[in-house]
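Read through the structures below before going on.
Next come two complexes built around chain A: one with chain B, the other with chain C.
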Partner chain A sequence: MHLEANNIYFRYTSKTPFILKKVSFSIGEGERVGVVSPSGYGKTTLVKILAGYEKPTKGEVLLDGKPLDPKGILPVQLIPQHPESSVNPRWKMQKVLEEAGQLRSEVMSAMGIEPEWLDRYPRELSGGELQRFCVARALCADTRFLIADEISTMLDVITQAQIWRYILSEADRRGIGLVVVTHNPALAERVCARIVDLRDINHIEQEPK
Partner chain B sequence: MDKQLAIKASGQRFGFNRRVRTVIISIFLLGIIIGIFIAGIFIGDDAMAVDFTRKGIRPSWEYPFGTDWLGRNMLLRTVKGLSISIMVGTVASAVSAVLATIIGIAAAMGSKWMDSAIGWLIDLVMGVPHLLLLILIAFACGRGLTGLLTGIAVTHWTGLARLVRAEVLQIRSQQYITISRRLGKSTGWILLHHILPHVLPQFVVGLVLLFPHAILHESSLSFLGYGLPPEQPAIGIILAESMKYLTGGMWWLAFFPGITLVLIVILFDKLGENLKTLLDPYSAHE
Partner chain C sequence: MCHDNLPLLEVDNLSVSFRMYDKAFEQRDLKVIQDLTITVNKGEILAVAGSSGSGKSLLAHAVLGLLPQNATVGGRIFYKGRPLDVENQRKLRGSEIALIPQSVTYLDPLMQVGKQARGADKSPKRLRRQREVFQRLNLTRQTEKLYPFQLSGGMARRVLFSTAIITDAELVIADEPTPGMHLDQALEALSILRELADKGKGIILITHDIDLALQFADKIAVFYAGTTVEELPVADFAKGPGALRHPYSKALWHALPQNDFMPIEGFQPYAGDLPEGCLFAPRCPLKTSECEAENPPMRKLRGGKVRCVHAS
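Presenting the complex of A and B:
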């Protein structure tokens, strides 16, 4: 499978400036690409468009040459930056996980998810614990591309290492393509085979504030 | 701070936390309301029984609410009247709340056009003075119970519909809804599993808080003669009839039915406030 974005333009309304201008990006099966740049160059916006969360103002996102299907399970899954806003606060964690299909105990143990957490509400878990659930949910059976938007920034190093080890082994095993958005150059170098700097591919004229 | 400490102290004295106490008070309030309702059902023709040997008796131990100019027992009439009011209030506010929820969700989930149309309708219903609209609708649907219920049901949904719409709009823009969609969930599934459970507390609280309005409007409509037929001992009818005898010094004819009506309204209002504390996501875990 192949995921590509062709000449993407994006702005929220016709009165606001472009956030992305003529951005092209592509990733193949099992590839690991890091996306870096200082804040304000549209990293999060780009990955949201890649994962079908936002529609580009101009340009297209193609998965194997076809546009993303708005219905059905999307093979491109995004793990957002803030786990707290990615789970329904009224659901127990069991239901959160089941939304992505059957529970798999090997995923849970590999992610360090304790069985008793399943019976809790999101507010009763810490950010790191919640993020493990979000990773497990995004790695559902149909996922071919995983986009990680600064998923480990707020975690302690041990948790970071644990989560990344699991993601990498799953990606290797299933041939999942990884897009890693990060501020951490060490992480990008360690995890990714190729690094893309948005300063080079995003053609917005003025410097973002 | 002092208040919080006081709440804590009083809770500890009885050995309950605030949640348990609120539940107990709510059940108690609900018990009173249901009790009055059931008592009213069992009072059959007694409330209508005319007995000229006991007409115009002041409130006494035998007749706590007195008797009227036909010798009818005012206590029985008042309880029967309250019972009718509670029944009318239940049906009207239930219909109204269901209507409000459906319309609110439709406005938030539907197209822009639908949202504007519903917004316009809400403004229209809210813009016309409430009682005037009620009288018009009750009159158009034929007076009596049907007209009354229709009138109250179709005029009281607006506030709750707005609330539900705002709530659904807010939920709809949450990130976990987008994630749910990308995990292949349909709009119907999201509505059922994400949105409805979130709106349910608003629905229940809105329903109970609609009660006082519905009951008061039922009474005022009946008082004005557009509501229930005069042979029904509804509170509005009792009050309207008593007007003629007030100048004759029979103050108890209006005083007791009036004050019990106010008490019932306050009971419902307190019940609604209690439910709100229990169900509101921000205070539910206190």
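Presenting the complex of A and C:
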């Protein structure tokens, strides 16, 4: 499988400046690509567009040459930067895992999810605990591309290493392509085979805020 | 009034538990912090590192009196030598003690960020200070007028960061202020904290970016499962595992991507199901029968403190 974004433009309204301009990006099966740049260059916006959370103002995202299918489980899954605002606050954690078909003991033990947590609401878990659920549900059976947007900043370094080792082994086993957004140069070097700097591919003129 | 030789903040044997419902009407207390002791002096940055869910944010919230109603707090907290009770907390928070919260959801979604950063103080002096801080954090004039949803993750972090340092607080508790910030900006933010400390203020810097903390902090407290396992001068961490005292601190060092990226096995015990004896024992390579008897007290060792019978 192949995921590509062609000549993407994005802005929130016609009055605000472009956040992305003429951005092209592509990733193949099992590839590991790091996306770096100072904040405000549109990293999160780009990955939201890749995962179908935002529609580009101009340009297209193609999965194997076809536009993303809005129905069913999208093979491109995003692990968001802020888990606390991306889990349904009215669902217990059990339901969050069930929805993705990931309520399995091998997933839970690999991610270090305690059975007691399943009975809690998102606000009763710490950011790091919640992030494990977000990783687990994003690694559901249909995932072909996994986008990790700064997923490990709120995790302690041991948990970070554990989760990354699990993601990398799953990605290897299932041929999942990885897009890794990070500010940590040491982590990018460890995890990625190729690194893309948005300053080189995003053609916005003015200095971002 | 305060004396200069008194520590700014002293947390002594703090414990925090939550009252939870078990079955139907049965309640039980879930102890999430125990025997936690830290000291922050004026002019000092104390970095707090450790496991996610080890009670780092709870410590911040306990000091500020922001814990939810079902929480019970034990132990003692002193601010400038005086006990920090509910009334004092209400008086001091936001003015003398400021918090940089962990989550960007703490921003009011319906208020322009410049206004939020200034807070209730409408004076021109506050406005000047806000613009100065925004400028240093690389936030443009236009940013003031934006709403939180229009900000990138890193920008939202910088706005949160500015809200606390705009005040003239004596003690700033920064709860993971840097994730999402680009390296240069994180360095700038932390150097602002360093400047505040150099002016005689006290800073608690809760962080997972140990390598960044190393460049700015004076000492590190390592947390595990709701307690402190080691307190050490910052230079020891840079020297590597040989200079560290507690096996958990060594495990942290080995897990860093720039070192080995090698995690130890297992997970931090759940608060409702803590092991007898040393809390780290189930994952510890040095474990002996002695460790399972009781949780060892903190003891002084090589210019730091450690909670381990085997450390030397």
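In the analysis below, the second predicted complex is superposed on the first by the 208 of 209 C-alpha atoms of A that agree within 3 Å, B and C clash if a C-alpha of one lies under 4 Å from a C-alpha of the other, contacts with A are read in each partner's own complex, and residues count from 1 in each chain.
Rule of thumb we're sticking to: a residue touches a chain if its C-beta (ideal position, glycine included) is under 8 Å from a C-beta of that chain, and two chains touch if they have at least 3 such contacts.
All figures in this text were calculated on a predicted structure; none of them were measured in a lab.
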| item | value |
| --- | --- |
| Contacts of A:35 with chain B and chain C, given as first, second, both or neither | neither |
| Touching partner for A:27 - first (chain B), second (chain C), both, neither | neither |
| Partner chain(s) touched by A:184 [first = chain B, second = chain C, both, neither] | second |
| Which of chain B and chain C A:140 touches, first, second, both or neither | first |
| Touching partner for A:85 - first (chain B), second (chain C), both, neither | both |
| Touching partner for A:151 - first (chain B), second (chain C), both, neither | neither |
| Chain B versus chain C as contact partner of A:52, first or second or both or neither | first |
| Set intersection of chain A contacts, chain C complex versus chain B complex | 82, 85 |
| Contact set on chain A toward chain C in their complex | 12, 37-40, 42-45, 81-82, 84-85, 112, 114, 116, 126-129, 150, 153-162, 164-165, 183-187, 189-191, 209 |
| Chain B - residues contacting chain A, complex | 174-176, 178-186, 194, 197-198, 281 |
| Parts of chain A lying in touch with chain B, wherever the complex brings them together | 51-53, 70-74, 76-78, 80, 82, 85-90, 99-100, 137, 140 |
| Chain C residues within the chain A interface of the complex | 49-54, 57, 102-105, 138-140, 142-143, 150, 152-155, 176, 179-186, 208-211, 251-252, 255-258, 261-264, 267, 270, 272 |
